[in-house]
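Across the two complexes that follow, chain A remains constant while its partner is chain B and subsequently chain C.
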Partner chain A sequence: MKTTLLTIVGSMMIFLFSPGNVQAQLSGEAIMLKVYELPTGDDTQGELTMTLTNKQGEERVRKLTQYLLNEGETEKKIMFFTAPADVKGTSFMNWSYTNGKEDDQWIYLPALKRTKRISSSGKGDYFMGSDFTYDDLGDRHPSSDTHQLVREESLDGVDCYVVESTPKDPDYMYSRTLTWVDKSRFIGIKREFYDEDGDLLKILTIKSTDEINGFLTILETEMKQVQKNHRTNMRFSNVKVNQGIPANKFTERSMTLGQ
Partner chain B sequence: MKFFWITISLFLWASIALQAQSNYSLNGYVRNFTALGLSEPNEFAIGQNTFDLTLKGGSSRASFTVNPFLYHYYDNELEWGLREAYVDLYFNNWDLRVGKQQIIWGKAEGVFITDMVAPKDLRLFLMPDFEEIRMGVTSVKLNYYRGMHSFEAVWIPFFTPTLMPEAGSMWTPQMPFPVQPQWDYSLAQVDRTLENSELFFRYSLLSSYIDLEWMGGSFLYDDPMLSVQKQIDPLSQQLLGITLLPEYKRVNMTGGSFSLPIADWVVRGEAAYYQGREFQINNPEVPSGLSEHDFLHYMVGVDYSLAGVKLSAQLIQENILDYQSGLVKPETRNTMTFLARKDFLRERLWLELFTYIGLDEEDALIRPKVSYLFYDGVEFVAGANLFTGNQGQFGQYESNDMVYFKLKYSF
Partner chain C sequence: MKTKQNFKILSAISIVLFLAISAYFFKAMTENTRMETNLDEYMPKDHPDFKYSDQAEEWFQIKDGIIIAIEHEESIYNPESLRKIKALSKALQDMDAFDDNEVKSLYTSDNIVGSAEGMEVESFYKRVPKTDEELNLLRHKVRDNEMVQGRLVSESETIALIIAGINDGAFTEDLYNEILTLAESYQSDQERIYVAGRPIVEGTLGLLGPEDMKRMVPLVIAVILLVLYWMLRSVRATAATLLTVFLSTVWAFGLMAATGIPIYSVSTMIPVMLIAIGVAYGIYFFNHLKQFLMANPEADLLAGLSYTLRKLWKPLTMAAFTTIIGFISLLSSEVYPIKYFGIFTAFGIAASYLLALLFLPAITILWGYRIKNRSNQKVASSSPSSKNIQALTEGILRRKKLIYILTGVIILFSIWGIQKVWINSSFLDKFEKDSDIVQTDAFINQHFGGTSTLNLVLESESNDAFKQPEVLELIDKLQSEAVAIPEVGSSFGLTDYLKRMNKVMNSDMEAYYTIPKSVDMVAQYLLLYEMSGDPENLTKVVNYDYNRTNLTFQLKGDDSKTIHAALAIVESYRPAFEAHGVALNFAGSGYKALVFTDLILEGQLLSIAISLGLVFLLLSIMFRSVKAGLIGSLPIILTAIISFGVMGLLNIPLSTTTALLSSIAIGIGVDYAIHFLQNYRNYLAESSNASEALQRTMQTTGNAIWNNALVVIAGFLVLLFSVFPPNRMLGALVSMNMFTSFLGTLSLMMVVIHASRLFQKKGSK
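And then the complex of A and B:
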């Protein structure tokens, strides 16, 4: 599911797995590892529109263009904010590593005209005021949690494994999560997040997918904060896969120029 | 004149390039900024309306940026100008930017250490936003990129001084003179000659382990040095008067900065070594009242996020080398800054506390602030600037405590 979330923010691409590869009996660990290891494109780009809706129904819209490059052990992501006006020109770059090294993050604020390295300690912070934390959008390895297959059931006509994941770190922001994994494609299509008290906190739902360049791409998703009754809708457009984004896209120069 | 024609040529070249593939954007803001003094008789310290517009256009080969601004004050005084107006040319591994531009260097926040390219507008001390304190300068900036390495050279043909508070302003620094000095600006004029142009260079690296900068420059120091002429009665040896002659002196600077992630922390550092800075001195054997010294200015700071609160602290030290008695500025000066910031209501409400603390004079500038976004682009800010102590770089303004309000519409 984390891979799914990663691809939501990156390009939302998931390679279609052959159902013939699916084992009849899989453990929770094996299911989540399969989800995590789904291959994605080497690079992706697209435009993201994020709509924040509060409990009164008022909407706030954020727009950005983003690029993602997978270099094997390093995944680089850069975002250029285009709306609203007071954040336009802001750039955010994140490098994440498979070897467990903490993410590197930088932000460029056009008013200050300076690229600043920022602390990665704020993974529990919410991304641009949305209902997604930075960690929700990151690439959490399955080994960070213990997983248990709790049941199999149909969700909106899709046969799913339901896997409960419990973090090994007791201080992690969620006490557990429940993930509905599509049996045929090995993608997470729904996830419930439970807070420190064990109460349901948020629900992530995949709302729209399409196949782009041979990869299943999630085009719309929604995170609902059930305790405060607000939600965030993420809709992707102009998604392109494996277009050969050059490595120099992920530099201070790009952040400064905003392109 | 040659610079003018080069600039015009670049504009024309850019215009032709823009015809191929163009897109334009127009953004800006309108803002009211009202500040009320907390000391009797509670005068309005700042009453300012601002209109700021940024027009950008261009293609992948060239672009332009024009940023005009207009300040209207409550006494109907109008001030307008161009914060920036420049043309960018983009090539494979290098960029060229020509025109009036703000160039910001260094890793320190709220402090100017190696950040010496852009002169400052200090007429309201540190009250405006920092993007308004740093002024644009007409310059040529060339950047060359190689991977994560970046090389930058800046040539400033025309000197632009820091704008100091006007005489009689509440922000005029305390003068260490027994009598009210007179001002003589005859030495403050800087001829527009090649000899008076300024040159800066910078190398920077952004990597997964560390961010580095190394920079240097030969330039006229933007803040005026004050030569002192004393009028003394030859008979009684009584001081009759003092005349201050501001002038701008060339200095050489080299320095560097780093930003290093350590676990969840970011450790920052910045240092500058100035060769040949001049300082005011009260010494009868130095009739000019100025003494030349090398100068060291450095900072170390940390950033951390705890429970959603962004925390930052910096320790800054200034050090005059080969110190001699009579210098007005102390041999060392230690300052600390502290920042705490947290958002609420999904980034609609922000609470912030930024503080300068003078460790030697036990003075401080405390700046609490609350920001609220009514709607996207419509922001209300309420804050205070509170000075403590009675001397030092902040304590000297102890009677300038104020609360302020800003309403800003961005589009």
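And then the complex of A and C:
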């Protein structure tokens, strides 16, 4: 299954949420499964500010409003650009399917006044020039990797499990990842990604979280590409969960409305 | 006999001292010597153009590309060739020297395709196509994509390229061999694999340098040995002279190693210089010694040596000093390898000078010295007989007018030639025209845009400047005008992405292969590309603020004429861009090479001016006469003018190696003038008859100059066997310079001395 950017809020919540009842001596497998099996809202909406910073210190800032609806078999997302001005009104829609079918993607360019289907070649692709691949943003099932609890340590005053995950597919873009899982809240707060050569490639950190409508939600996260000294910051605001977004929000026609 | 014993002890001490110093330098040499093969290291780093280029290379990840070409005799659209493209691409990606996204091939490239309902960015192939249907489909995909057809696959469809941008400083000899071996392993009966690109050219050059040295040194030694023995007629004298040459070379390279300065390709010329110069000192030394011993058959060796040193130290000091000044003048060059060449050659000459005055007498005392046929008054058989010299001298002095006219005509011709001199810092031109590397380059240039690149960086103060359609259209216009000239094969920039996307988003209609009409449209296409393609591709053409963009031109050659042709087109657009507030700057290794050549020319002119000025000053001081200074400078001025004239007439470009010519000619050529003037003044003081003094000078100094020129010319002619055509050129030109210096001294200078009554007291004849 192909997951894409609009899972941002949803998947982050999956990544974060925890039932809270910690058991002694969990296996790495069990820890990651618990992190994965978190309840999410059926729909989510919010505003996202994405800031890319390159090696030269130049910044590229984009603002979007995004909506997400989980219909069980199909997960639908739609996002509208609000800034910068020259792309305002551009919208992007993604439908992903649990049955393994390829995602459907559409883009509406207001300058062209037409909706177009687009396709992207894979999960290893970087999302909009950011340091997040589509896969980093998606909910990779724990069964894709083998997990091992390598140690327990304190990170910024938070007691954590450190779990090493190695992909079963040897051609996967990362050779392994290390995840710091908050013991008390049972959430991931940091992840390191290692490249094919085993060198550190990227570091993901969760900078701010909040409880919204009963769901613990990430409000700010940053991915740092250490090899190229490039980073992406994502900040969420006005996040609302389970507000009852109508299904007709996720249509080609809706894309042209610009909000 | 006690003094003799003392002298022996003194000699032994002197020899031990010299050998100890030599041993120190030899140790430094074996421990620290390293060749510099990274040509970026040749450029002055603090020069504004280089600084800008280096900065731009970092902004846009501009890298020199290694090009691997696969040629299939029928068509590359067959499973085997496509498999090889895939395998080679992956093999290069696996190497540390190349980032994954720096390897461009049909296998790794994105294909932006349009359909009735939208746009897709996909691979041309992942699995190797097997069936005819699949192969045909691939062929059509490539034909429809102007970002790939003609760039990665030739129009003839028989050649495909894999271009790998190499990381800074990652090029090593091992990598070079690894790539060549890799490429070779993919050869087959139907397929030929070629390897080209600037790093390969540089790498081959780096390998050929030491190889050339290994080949040249024994030859030089053999020739020198023969000519020396022929002149000196003594095994010991020949061995002693060669030993001083060898030691001075060890000193020069030893100091280089001790100070941590690497050997550049021009440094390989240092031994040749030191041999030519050091041997001349040996000749002066043994000639004087021999003359004295023959004239005074009863005198012992010590008396001979003391006479020799008395007679020799002054002209030798002057000669060495002026030669050193000639090489030191190269310090005015901004090009470091040339600066170093000047410093270390000067140091080597200083060593030769010390060795000639201190080491040669010592070793002669220790080894002893005998001349055959001591009673026979005949000088070495290489010299013309004294009667001939007398006739020649008279003949020259009688034909003053003819000499002036001939000199005038030669100067006029040379000045005409000088106007044709051009500079070239092409690396490819350093190879034989029929060498593999030149042939491969020509082959790829014939079928693709070009193996050399020129980067144009456009910058504006205002953000989003390169989203403006009118600015983009101007860039597009510049691109199409540039590729219309034969020197430019293709160009690539932000505009190519936009035009491709515009076409694809408009049902693949050719009419839409244009710059989008509005800022919003441009911005939205770019956003679209970022969302569906590899955004890293865009960072190579435009920055985050859209106020800086990189346009790449593929050129058909790396020579200055080709680059200048491309620059001229760009320059014609400068006012139009400035009207939009856009500044133009150049970057990339091709451009740096061009700036480099300009620096060479500037350095060259400055170096000539400085050394001519200094030589004139030194001669005026040495002979306490401005007139002598002027007359003594005549042969060198003549030599320099003729040298550049011949370069122009024979279409020999200035390059790093030929640029060294001026100082060599001045440094060595002035020796002749010094020896001639010094002896002439002595003889004139003795006889106060100018003609007679000239006759005697011609008999002695003229003869020595002839011998000297002969050895130097023989030494430099050895360079004709060099692997590098420019080195061969240098050998021929230096030999020619030595010959004109010799001829100029013995004809023009002599005639002018006679006509101007130089050194003559008023009233005397």
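Here is the rule we use: the second predicted complex is superposed on the first by the 233 of 259 C-alpha atoms of A that agree within 3 Å, B and C clash if a C-alpha of one lies under 4 Å from a C-alpha of the other, contacts with A are read in each partner's own complex, and residues count from 1 in each chain.
One rule holds for everything that comes next: a contact is a pair of C-beta atoms (placed from the backbone, for glycine too) under 8 Å apart; a residue touches a chain by one contact, two chains touch by 3 or more.
Bear in mind the structure is a predicted one, so any value in this text is a computation, not a measurement.
Superposition of the two structures on chain A leads chain B and chain C into a clash. Of the two partner chains placed around the shared chain by superposition, chain B is the only one that A:Arg253 touches, whereas chain C remains out of contact. Once the two complexes are laid over each other on the shared chain, residue contacts for A:Tyr194 go to neither chain B nor chain C. In the overlay built on the shared chain, the residue A:Tyr126 is in contact with chain B and with chain C. Here chain B and chain C are compared by how many residues of chain A each touches, and B touches more. Applying the stated contact rule after C-alpha superposition, one finds that A:Phe92 touches chain C and leaves chain B untouched.
Look at A:Lys113: by the touch rule set out above, it reaches chain B but stays clear of chain C.
Once the two complexes are laid over each other on the shared chain, residue contacts for A:Phe81 go to chain C alone; chain B is not touched. Of the two partner chains placed by superposition, only chain B is touched by A:Lys101; chain C is not.
Of the two partner chains placed by the overlay, neither chain B nor chain C lies in contact with A:Tyr172.
When the shared chain is aligned, chain B and chain C each come close enough to touch A:Asn54. Clashing C-alpha atoms between chain C and chain B turn up only in stretch 542-550, chosen from 254-262, 542-550 or 668-676, once the structures are aligned on chain A.
Once both structures are placed on chain A, chain A residues 52, 54, 60, 84, 86, 106, 111-112, 114, 116-121, 125-126, 128-129 are touched by chain B and, in the other complex, by chain C.
Residue ranges of chain A in contact with chain B, taken from their complex: 52, 54, 60-61, 74, 83-86, 88, 95, 97, 101-102, 104, 106, 111-122, 124-126, 128-130, 230, 248, 251-253, 257, 259. By the touch criterion given at the top, residues 59, 110, 115, 117-123, 464, 467, 505, 516, 518-525, 527-528, 530-532, 534-536, 538-539, 543-545 of chain C touch chain A in their complex. Within the complex formed with chain A, the chain B residues making contact are 25, 27, 29, 60, 88, 90, 95, 102-104, 106-107, 129-131, 134, 143, 145, 147-148, 150, 204, 206, 208, 211, 259, 261, 263-266, 303-306, 308, 310, 343, 346-348, 375-377, 379, 410-411. Residues 52, 54, 56, 58-60, 81, 84, 86-87, 90, 92, 105-107, 109-112, 114, 116-121, 125-129 of chain A touch chain C in their complex.
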